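First chain A sits with chain B, and in the next complex the same chain sits with chain C.
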Partner chain A sequence: MTGLRDALLARDETRLPGRRDEDWRWTDLRGTLRPLPVVSDAVQPLADRTDLDGVRTRRFAAPESAGVLALSLSVPAGETLVLLDVIEAGQGAYARDLTLHITLGEGATLHRLVLAADSADAVSVSLTHVTLAPGSTLQQTVLATGAKRQRIATTVAHPGAGAHAQLDGAYLLAGARHSDQTTILDHQGPGGTSAQLIRGVAADQSRGVFQGRITVAEGADGTDARLKHNALLLSDRAEIDAKPELEIYADDVACAHGNTVGALDADALFYAMSRGIPEAEARLMLVEAFIGEIVERIGAPALQDAARAFLADGLEALRR
Partner chain B sequence: MAADQDTVETVAALAGEKYAHGFVTDIEQEFAERGLNTDVIRFISAKKDEPQWLLDWRLEAYERWLALDEPDWARVNYPKIDYQDLYYYAAPKQKDGPKSLDDVDPELLATYAKLGIPLKEQEFLAGVQGSPRYAVDAVFDSVSVVTTFKAELAKAGVIFCPLSEAVREHPELVRKYLGSVVPVSDNYFACLNSAVFSEGSFVYVPPGVRCPMELSTYFRINALNTGQFERTLIIADAGSYVSYLEGCTAPMRDENQLHAAVVELVALDDAEIKYSTVQNWYPGDAEGKGGIYNFVTKRADCRGARSKVSWTQVETGSAITWKYPSCVLRGDGSSGEFYSIAITNGRQQADTGTKMIHLGANTRSRIIAKGISAGHSSSTYRGLVSVHPKATGARNFTQCDSLLIGKTCAAHTVPYVEARNANAQLEHEATTTRLSEEQLFYVMQRGLSQEEAVQLLVNGFVREVLQELPMEFAVEAQKLVAVSLEGSVG
Partner chain C sequence: MLHIDNLHVSVADKPIIKGLTLDLPAGQVHAIMGPNGAGKSTLSYTLAGRAGYEVTGGAATLDGEDLLALDPAARAAKGVFLSFQYPLEIPGVPALTFVRTALNAQRKARGEAEIGAPEFLKRARATAAALKMDFEMLRRGLNVGFSGGEKKRMEIFQMAMLEPRLLILDETDSGLDIDALRIVSEGVNALRSEGRSMLVITHYQRLLDYIRPDRVHVLAAGRIVASGGPELALELERDGYDKYASAA
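Right, the complex of A and B next:
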């Protein structure tokens, strides 16, 4: 999963994953970094502080050429953390690999919002491994505007036992940007629930990728896992690729996934225009409403505000 | 066994003289070497009296096959196949088999009884020694159809014959279409098939003709250590219609057997092909010993505008199934359908699904796949829906449902979607559930046994697909569903 990291650290371009690797078939990193940038000695700066309103914000500044960072975080049993991770844009063609570990104690709750704002020429991969404990709750939302190649992957080790994972996401892509959201949710024990809703919009020549794998291990009975990916294609030169997978080894489960790709609803567009809204404006309105549902599902109000502001910028990019 | 002799003679009579000098006898005398090399390919080609171009085609396929690697991406596990340890020309290797019906495993007899296959046929189906081998190709249930109705079909202009005969009688058609849907080196197994394919059916329906009857072939593997590599080619010319049925069974053997077939369908303007399969190869015993490796490449090219291809498959057999009947929707307004029931029990593994490649404008596709896993089996739906930039107005609907019966089986769903047109609409939904306790309870309290209750509910689960099967097959398939799940309850 961390092919970029390996390639950067080993300074070996041949280690970059490409479309022949099943997990990277739509996020081909080969040939995107020539020459392979050198990882700077200094670890890229990370700002980490907690606001008065209780939101802990981590800002991952972009490296100048290439940066690799691994970081761990744990939420103690019974506690609640509201976490905002901002993956900041930098200048030009940098390469960045983030590997984040998050552990939740028993009954802990984590609200996490990831805002991935990479530069158009960047190659940026971030991988978060989350380990849940019984009774814990993860509520994560990833918002992305893409890069030359961008992947935001989350793996969740889910023990069942009353734990719940919500993995939401949205991507708003314009220009020639690419964004890949990948989730791997591993239901390892009985009595767990999960819900995922990913919405995406691809305009111009952009490419949106979603891969979601739900595994239900033998004995993980009573698992309820749901996953939905809906995407809008706004241009004939844009592309959406999706692969929602189910891998089920237990029989007493309810698992479902849905996946749709389509254009904006012509009737809704017509209606808006008939009320005097110019077409371009009407389109944006519909896109905003489509993505807006993701924001409404965010449990922590402070994160909702941050999400709205981020999406407003993303919509602005679609307008251009 | 007088009755059997009757059947044998009837079949032989229907099949005509050709069968009296059936190739099997010839093979017995000139047995193809074990293993695969250019000599074996030349041998096969010579046996079939093939023209030079076809031999060259085979040899080229063999060259390419040598350079290919066996695919390993499917979710199936099996020991490495030794391709040099197989026979590539169906020369049945004689060994002491059961001498009469009494020696046949009663479990097998019971299975056939359940299938509704008449007893005198059972000897063929169980591979009993003593019955002439060409009749063992119980296949020839359907050859009789060929013979019986050949005149009538010919009157309509429909060509329906073995592929080897078509090579001789209609070389221009074969040469034009063979390998045009599944290219020689399309994949490892298709490439192997191209080199060594032995038999199969050829169908050509001329423009504007609605084929007056269902065409069918009943494939059967009977010999030990022999791979079967049939190749089917169906061409529906402009405005024509044909419905084709394919059935398969194999005897119980402890050894695994390889079946690597290729099916190519070509539908020209406004033509329609309906292709139904009831695949019931021997799945191996409860411990996973024996059974057929079913590695099949099936693809339809909807070449013409408004053409239509519909695949319906009921997959209950085979130790391992690796099969993705696909539609290339090239013609504007063409449509593809895929209806599938895959049932796995015991140690069976099935990795099956479809590909719908939307190339033309306003192309439509519909996928309904139902997977049922029981015992220690595993069933995977793997599918691709791809919409290319020119496929404006393309439409796809996909539904895959999996049903799990028992704690030790597995079900997977791996759908790929690639959309590159803003005016296309794609929908996919999938669910995985178990057989509901409430439903079972309800049905059982109406007086049905647990096994009957499961069958009833399962039949309800797969109803959408069964409805797509032609009548005769629907009945057979329904019974197969019952057979395959036997012993999986509790």
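Right, the complex of A and C next:
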């Protein structure tokens, strides 16, 4: 097994995933964590509480040097959970691995917002495995501002059968930060739907990575799976790597994927400036609008507010 | 107000404006007419400061101040407003937010206090009503899903809210039906005042039935080749631009 968790626990840096591993070629940990930090403390959720407005918030504090944590959560059949997972920034060059399991019962609904706010020198990996049941709905949005290496991966086991998975995300990167959003979605049975919209912005020398793999298994007929990644490069030293993949073994499916990487629209920028909006402000306004669609798609109003506040901070970082 | 002296402009190294001289006194409305390819849009973009329009010679000043040295936002703060022939759509930025951001940015640049939300909304409602615009439309993304006529009305709305000193109308009549043309023209005419000048750029005389110019200039092959009173527009409508195309 390779992975940050295994490497940290076994204190074996040869288990770190690196450039030669197909799924990690844009998120090389092997060259980054040397020497391997000693696991000093487990990453504990600082707080796990449910507010009066029904939002359950888990705050994951950063370790001092290195830490790992595995947690499970289930949403019982027919119930709805609004979940805010905050991956908090720590100090300096820590390494952490979060492995989270989420199971949805039949007809259950989960609204999940992940705010990943790591420090610039951190190596941070979080992997969430979601198992859906018939008729259940997952609506997830991941917002990230990057780290030295940051990966937020989600795998979804999708039974079809009227279940729906929405896996949205946005990354706003400045400085030399890196952020990787990876989704692996397995449509295993007939009659399932999924929709993914990921928007990214990379400024300075930052690097954004998106990998999205959709598999539609044999017999998963009538699946409707959509995946879109759009990114903006704000500097010619920034980089975006994207790999959308579709593997379809079923009949009568509707699958679509799209990927665009471009610069800010020069015409729109001129239009805004011609009205008196200074260039720096006009750029931020267009970036905010570009990312804003991700927030609009969040179904739970309380999570929308948290998302807006997080993105406002991310936009401030772009201004500097 | 606006003084353009022997202006030369190239786009992608190709000379388009070739020695254009024009005086637009305060309070006057001048029309610029000309055949396609004469340089009408190049002139408006150059005055607004669009990238890619390279001034290779000459000068353009607004009340004695060098316009060409300023970026587009600074020109706007000095009172320049270009009404676009093809207004841009900006998804995700509500029209009201856009205009308020622009107004306050201009005020800040001029050292004035920002306008508060209640006062802004009051003005916006009155302005939208005068232009027969649906106010709820202004809460949607700027120009997103707007018809051609609605976009032009939105340009006039912005103009009325920003209260510029120099208005450049680039083919404002294109894509307008007769009712929209009347409403848009009324909006423009309401802005005519002693301290405000307008440059009305158009291919057709039709717009000038509604916005009466003090002077008409013919732009052909990058230069003003004839100037006269409003009767010149009627003459162009009757005889076409052939005479000037061959002269240039």
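FYI, the second predicted complex is superposed on the first by the 312 of 320 C-alpha atoms of A that agree within 3 Å, B and C clash if a C-alpha of one lies under 4 Å from a C-alpha of the other, contacts with A are read in each partner's own complex, and residues count from 1 in each chain.
Basically, contacts are C-beta pairs under 8 Å (C-beta built on N, C-alpha and C of every residue); 3 or more make two chains touch, one makes a residue touch a chain.
This one's a predicted model, so the numbers in the text were calculated from it and none came from an experiment.
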item: Contact breadth on chain A, by residue count: chain C or chain B; value: B
item: Chain B versus chain C as contact partner of A:247, first or second or both or neither; value: first
item: Contacts of A:276 with chain B and chain C, given as first, second, both or neither; value: second
item: Touching partner for A:22 - first (chain B), second (chain C), both, neither; value: first
item: Which superposed partner A:218 touches (first chain B, second chain C, both, neither); value: first
item: First, second, both or neither for A:233, with chain B first and chain C second; value: first
item: Contacts of A:260 with chain B and chain C, given as first, second, both or neither; value: first
item: Intersection of the chain A residues that touch chain B with those that touch chain C; value: none
item: Partner chain A, residues of chain C touching it in the complex; value: 48-51, 71-73, 75-77, 81-82, 84, 87-88, 90-93, 98-99, 101-103, 105-106, 109, 141, 158, 162
item: Residue ranges of chain A in contact with chain B within the complex; value: 22, 26, 218-219, 231, 233-263
item: Touching residues on chain B, where the partner in the complex is chain A; value: 73, 387, 389, 392, 402, 404-434
item: Chain C contact footprint on chain A (complex, rising order); value: 265-268, 270-279, 281-282, 285-286, 288-290, 292-293
